[in-house]
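In the two complexes below, chain A is the common chain; its partner is chain B in one and chain C in the other.
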Partner chain A sequence: MTRSLDLSRPVLIAVAALLAVMIVLPVGWLVVYSLSDKDGSATLGNFATLFTDPTFVDPLVTTLIIAVSVSLLCCAIAAPLGWLVARTDMPFAGSVRTLVMASLVTPPFVGAIAWEMLAAPNSGLLNQLWRAISGMPADEALLDIYSLEGLIFVIACYTFPYVFILVANALDRMPGELEDASSMLGAKTWDTARRITVPLALPTLLAGALVAFLQALNLFGSPAILAIPAGFHTLTTRIWSLFQFPPKPELAAAASLPLLLLTVLLLRAQAMALGRRGYAVLGSKYGEPRLIRLGALKWPAAGLALLVLAMPLFLPYAALFNSAFSRVASRIISFETATLHNFRFTFLELSSTMPALKNTFLLAVSSATVGALLALLIAYIVARKAVAGHRVLGFLATAPLAIPGIVLGVGLFLAYTRPPLTLYGTLWILLIAFVTIELPAAYQQLSSAFHAVHPELEEAGRMLGATRLRTLADITAPLLRSAVIATWCFIFVAVIRELSAAVILFTSDTKVLSVLIFDLKESGDVGAIAVLSLTMVAITTVVVAAANRLGGTRTAGRLHARAVG
Partner chain B sequence: MRRRTLLASTALLPFGARVVSAAPPPEQITPALIEAAKKEGKVSYYTAMDLSVAEPMAKAFEAKYPGIAVRVERSGAERVFQRIGMEYQSKIYNCDVANSSDAAHFLPWKRQGWLAPFVTVDIAENVAPDQRDADGTYVNQRTHLSAIAYNTSLVKPEDAPKGFVDLLDPKYAGKMVKGHPGYSGTIMTATQQIVRELGWGYFEKLAKQKVLQVQSATEPPKKIEAGERAIAVDGSDYLFWMAKERGSPIQVVHAVEGTPMISNPMAVFKAAPNPNAARLLVAWIMSPEGQQFIVDLSGQYPANKLVKAKVGRPALASIKTFPEDAAAVEKQADEIKARYAKIFKV
Partner chain C sequence: MASVELKGLTKCYGAAVAVDDVSLRVEHGQLVCLLGPSGCGKTTTLRLIAGFIEPSAGEIMVGDKKLSSPSRTVPPEGRNMSMIFQSYALWPHMTVAENVSYGLRIRKLDKVTIDAKLKAILTTARLEALAERYPGELSGGQQQRVSLARALVVEPETLLLDEPLSNLDANLREEMRFEIRRLHDQYRYTTVYVTHDQAEAMTTADLIAVMNHGKVEQLGPPEEIYSRPRSEFVARFIGGSNILAGTALDASRLTIAGAPVRTTGRTLQAGKPVAVSVRQHEIGIALESPASGADNHLRAVVARQVFLGSARDYTVQLDDKTELRVTAPPGQNIAPGQTVWLHLPADKCRALAED
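Let's look at the complex of A and B:
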């Protein structure tokens, strides 16, 4: 132990310094800017503006309405679906679980664009279909995606999977004995569910609700695509608009702080809700939970699950495929009208495609590698309590969770457009942003992997006479390998879909795919967007599948619910 | 440094002699320029032109001068202006050639000394003096209009609006789409003209019509072609025409009050990383060949007098247009953005 302590001291200092550069510097500049006026003298004027000017107050209120609604909607969908998948004999339960997780690969802003194709009031494919079926007149619409409700729906589509994973995993781990005891004591199936299962799952659901709330609070892409045409701002789009000419970084910094504070508070609440979740369920000593027989309701339940999946997956991808092969996105293609025009345009004419693909791939691979290694190092130091002060590292590694992507983007922009480290305009600033954003989730995954092997297996190894090193090599490392690969995949996927920090930090030379798609959206080039989005999802799927084969594990199952911009 | 001495000597030359001018002597596309450009091998072209025109134009240039890759950086003109400003503030010099639909951008760029004077014989001889900077730092590449248009399968010609005031009719509520002056130079320029002619009161009334707010002036044409809205309040007219010529049911309206006119100047940046390729690109775009390419593909009005406007499009002189005033746009731009955002809520 003393030996490793000596070795670890410089490592600790180096890692702590790195984390400071990544987190403390941007947040520090954010605070400084929010308290400065244009000429740099101290003022509270920015906050006064923030809480009196209706162009800030309205987005704040709107954002809170959206976050609460998304949170409730997600729980209403994810809880029953999670229960059906984890605790009943619903057909295709395994496929449903995989598909819900697969829907997380879709970047939320791509989902928003796809839903625009489906449910724009006049040209939306679903509205056209409904008019054809019901004979509704041309200027009426069944669905209007350009509305507060539309935005809430689309955000919920790509947020409920996080809640679903939490709920389904919690239900998986719930001891079957408790339910068995209940039914042995004569309770009916539904009573058991109501009295035992629901109360046990409630803390998880609460935590899920908070995750969904945070997600909706800090999301940038979907509001930027749907709210602005509808004529309103959310807090994130408003912050972003302050970066348009003439840029007002002081106000942007001030507007970022409420998001930051709210996120910190909610994360504390989430930690309290989840805090004691594990006490009865750690280890695998309990029996497999019993599956509830749905009987005649089996097939309706599966139908319902598929209907839910249509929202984030089947319908949006159908729309994306349609417009990838169509000259005008609102027309449904047939064999005669299908065209490769958009593919030709995207890959042969559009000169930004290849540089953006290259940048994205490079950043995803390097962020995933750096992020996974850094998280592994920190998780090791903290889990083994290798050095005094290890708690600080754990805290710093988790802290970025509280920083919304767009806020981190603003902070990094303020910190690195000046000497000594002028990183703006390079891929480095994006690398720092992506590693910082993904570090908390990566760290949590790897530290839970460390904790999972520590108490029982590792001690057993040592009791049987193996040295600590031997135990590490024979027991810990093989168990961690799949966790490291899963973490790598997680960061890779997350980086490819990241928009909110990239949209602040990119320059023309460092444009990434998500920003290119966003650019194309602003000029309405939906055909090219469809092609690029499908390409993006295809790359992600191939890489994740390959890594899964390498790791021999179900990576998607390890995705932890977390808040991303 | 050498450029400075060049500038000083040009005042004596006949082409710059109409006004006292710092413009350099007009150049031709020489083999030496082509050779130097090929050595650089690439050029970045920041533009607000729709990609369906800008990318093919870039490809045509690449075909003419193999070995020089054009990277088109397209965004809204106001975005382009912001990006270049942010990049320059951080001493990032990526931009070779910039082309904006907001002519006001070239005034501060020139004042700050960011532009490299460059004049070709085509520019000096065949572009009207009011279409180019007397000091040779920028030149109008082409002109387009911000027109009203409608989808004829959604609006019958007899029900169609004739001008801006008609759009305030309650029967058009919820049926219109419009670009944003905080993003698009076309819309910024047009907004300044409409405010001058009709006052802010017009926009306050228009905002009550439940207008679908998009960003780029290139998007309203796509939104009405898709049938998402029936009428475009504004938008780059060449895209309406191109959609119509492809067979889409679109009709362009030149408002009875007048139609905003938008010039699209272009300049080489002094700190351009590929200065020769930049000059070659500008020289080619302003040559009859480059201008003809833009006209054939998009039907925008050429700046080079040797090139005729596209057959089938109305002559520019036959349209009642609002005069463009870049200096006023520069002065009012921030106010226009703020006021517009207040009125339309985004």
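Let's look at the complex of A and C:
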């Protein structure tokens, strides 16, 4: 028998080195810059400025207020809604669940733009409608989206679905016996909910609150669109403003570090909240949990759910469609006034549309391909413990999770505007950014797919005489195919909608769709913005639907795994 | 405390009938087992009694109160019953003491009473040392005892058990069987116990209801179910029986593989096919041929034999190739291939009802 060259060691080192460069280089430069002054000598002055200058302290405080409010608001909406959908006989529960998840397709900054169309003080459609109904004078407004409250509301609209999904899934998985046992001992429905269901769902809700907090903390698009016109900054928009002329990268680096540290801490807290209480519940064939009968409250509950859905979904899309088909964005269209003018303008006349679309597709396809392959390689090495030291790879692959997009943007800017690798101004720097940002999610997805393929399935192949490679090709690859494609789609979608890193790293030649939409905001071309936003959502929807379809077939792999496991 | 009575209880899911016209009376203090294979409707019956689901027809009475009928069903929390779940359903966020005292706290008893009752039941269930543990830190048997204690401490009118031992290993299962019976004898709750394990039913029940396809096939004390199965299904399910097919000769005799066999049980109709059940250990096996013309002797050939220590398990083949299992004393060693004579005592050959 010939022994093939053992490539595992060099492969491990190469992958580890690549990951280290991807993460250590930008973060390292961040730290170096944050400790330097303009001339490059060491100083702590940046941090002194950060914590004394009100133009930094105010955004920091504002950001914390927003993050706390968003996370409370999200829990207040998502927990009851999740409970209604998962545990009661509310009508249309299935549709509500699907629609809440569908609202995640909307990039948050598109949602912010749509809410601008709805609730800007003068031109906002809802304000116009209210003036028409109530006779309020034209210089007053019912709603003002350019405010702290407005910003919190819009961020919550596109964050609560994450909390909702966590809560609804946790309630789905909670065995029905736990509630039935309480009923048998005489507890009324409300007592059971209060003493059993809620405490059991609490760790999940806490984790959801942290997810919402992190999301609000690191979001760039919505605050950039709503806070800046309102005359205040959040931490992310402040960092971005330091890249406007004249650039102050040292201060940007210093301002990025608190964001990075806070994110790392919160992620650890989240892992603890989710991981601590092991539910000592044996699996059983007990069947579906009993649904709680709402009785007369059934229809009000459904009405409430639809009202909640109006905020991230019905109203914003109505506004986007209205603007897309209307010559004057601030007017409500009818069949007579509907026009395709905006589409013609956007796709035929606006010179930056086509290059941006081309860049976006190029980057999405290449990031998805590179990211999925890299994640696959790492997942394989880690899951099959192919080489010693595999744990380090798993850690490195998940580490970017803790780096907010805008912070990574700053770090990459600092790392690649200098020799030997002057990548700034090319698409490469965006590719690196997108692959780094999406790697953790891609890795986690593929790693769970690998765990679902029980090693015994591979071992059975090898016992029958197939080589390791042959087994990979004949058994593992077919079982993983759909997971890989789903991961590819996932990265593709995430790249298309990415704004916070791109907005730091783009140049006029490397503009992508999200940055183009953001830029058009300044010229106030609402029609084109609406058309491009809808285009982006349409592409996303198609790809997400494809990924879901493929993701569904993965159950075949799981079934096998369970049969042998 | 009171009796539990099911009257014509029926539950349909669309066209599928899960429980089909079940009538059953459990006297006060009795322990009745619903025994049957999975899908026979026993768990649905239990959940109907618990009030988790509503009957399509029929009613459930406890004492003289009507708890379930298609028009009105008292919810589970209003029935003063306790239930032990297959998975135990212990709440992972509460300690053993909190789990057990939950029902007392729901009943808003004062703290002194709760503490006293809690202490008493923990002692009875031998759980005192574990009171502050979480369910995740207990073994399967301990979890099972917590779930028993939690159900008993509220002094229910009726106790329901849903396959309570199926998640335990064999040794523990046997121990817990006696434990359940001991606690039942101590407290004498009216108890309904669902299981698919006939040994479990035999050792714990006062009364067994064998269920199949949503119907009660036979209801009776364990001895009666065991020794006088009424149908082929019951005989097969209880196990340890040979089912032989033959044709009736007259009111009490039939031919099996050409030999006349006298039976007990129901009256036969000449010329009709009949199934007979006879237990493995009630069949005699001998090398000598009986006096010619004697009833209930069949010729067979030994196909296999297995030494089991306390007995010898023979598989024999009749002239018509029907296979029988016979349990013989361990000392009786007959080699495969030899011709033997089986004696099936007339009072042990039970003619079964037609299905």
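Here, the second predicted complex is superposed on the first by the 489 of 565 C-alpha atoms of A that agree within 3 Å, B and C clash if a C-alpha of one lies under 4 Å from a C-alpha of the other, contacts with A are read in each partner's own complex, and residues count from 1 in each chain.
Going forward, a contact is a pair of C-beta atoms (placed from the backbone, for glycine too) under 8 Å apart; a residue touches a chain by one contact, two chains touch by 3 or more.
Keep in mind the model is a prediction, meaning the values are calculated, not measured.
Once the two complexes are laid over each other on the shared chain, residue contacts for A:Pro247 go to chain B alone; chain C is not touched. Of the two partner chains placed around the shared chain by superposition, neither chain B nor chain C is touched by A:Ala318. Within the superposed three-chain model, A:Gly231 lies in touch with chain B and out of touch with chain C [touch as defined at top].
When the shared chain is aligned, chain C comes close enough to touch A:Met184, but chain B does not. Which of chain B and chain C touches more residues of chain A: that partner is B. Looking at the shared chain after the overlay, A:Gly425 reaches chain B, while chain C stays out of its contact range. When the two complexes are overlaid on their common chain A, residue A:Leu18 makes contact with neither chain B nor chain C. Residue ranges on chain A touching chain C, taken from their complex, read 175, 177-178, 180-189, 191-192, 195-196, 199-200, 277-284, 286, 290. Residues 44, 46, 50-52, 55-56, 58-59, 69-76, 78-79, 81-83, 85-87, 89-92, 94-95, 154, 174-175, 182-183, 211-216, 218-219, 222-223, 225-229, 246, 248, 334, 337, 341-342, 344-346 of chain B are the ones that touch chain A when the two sit in their complex. Partner chain A is touched in their complex by these residues of chain C: 50, 52, 75-83, 85-93, 102-103, 106-107, 134-138, 143, 150-151, 154, 160, 167.
Within the complex formed with chain B, the chain A residues making contact are 55, 58, 120-123, 138-139, 146, 227-229, 231-233, 241, 243-247, 327-330, 345, 349-352, 355, 417, 422, 424-425, 507-509, 519-520, 522-526, 528.
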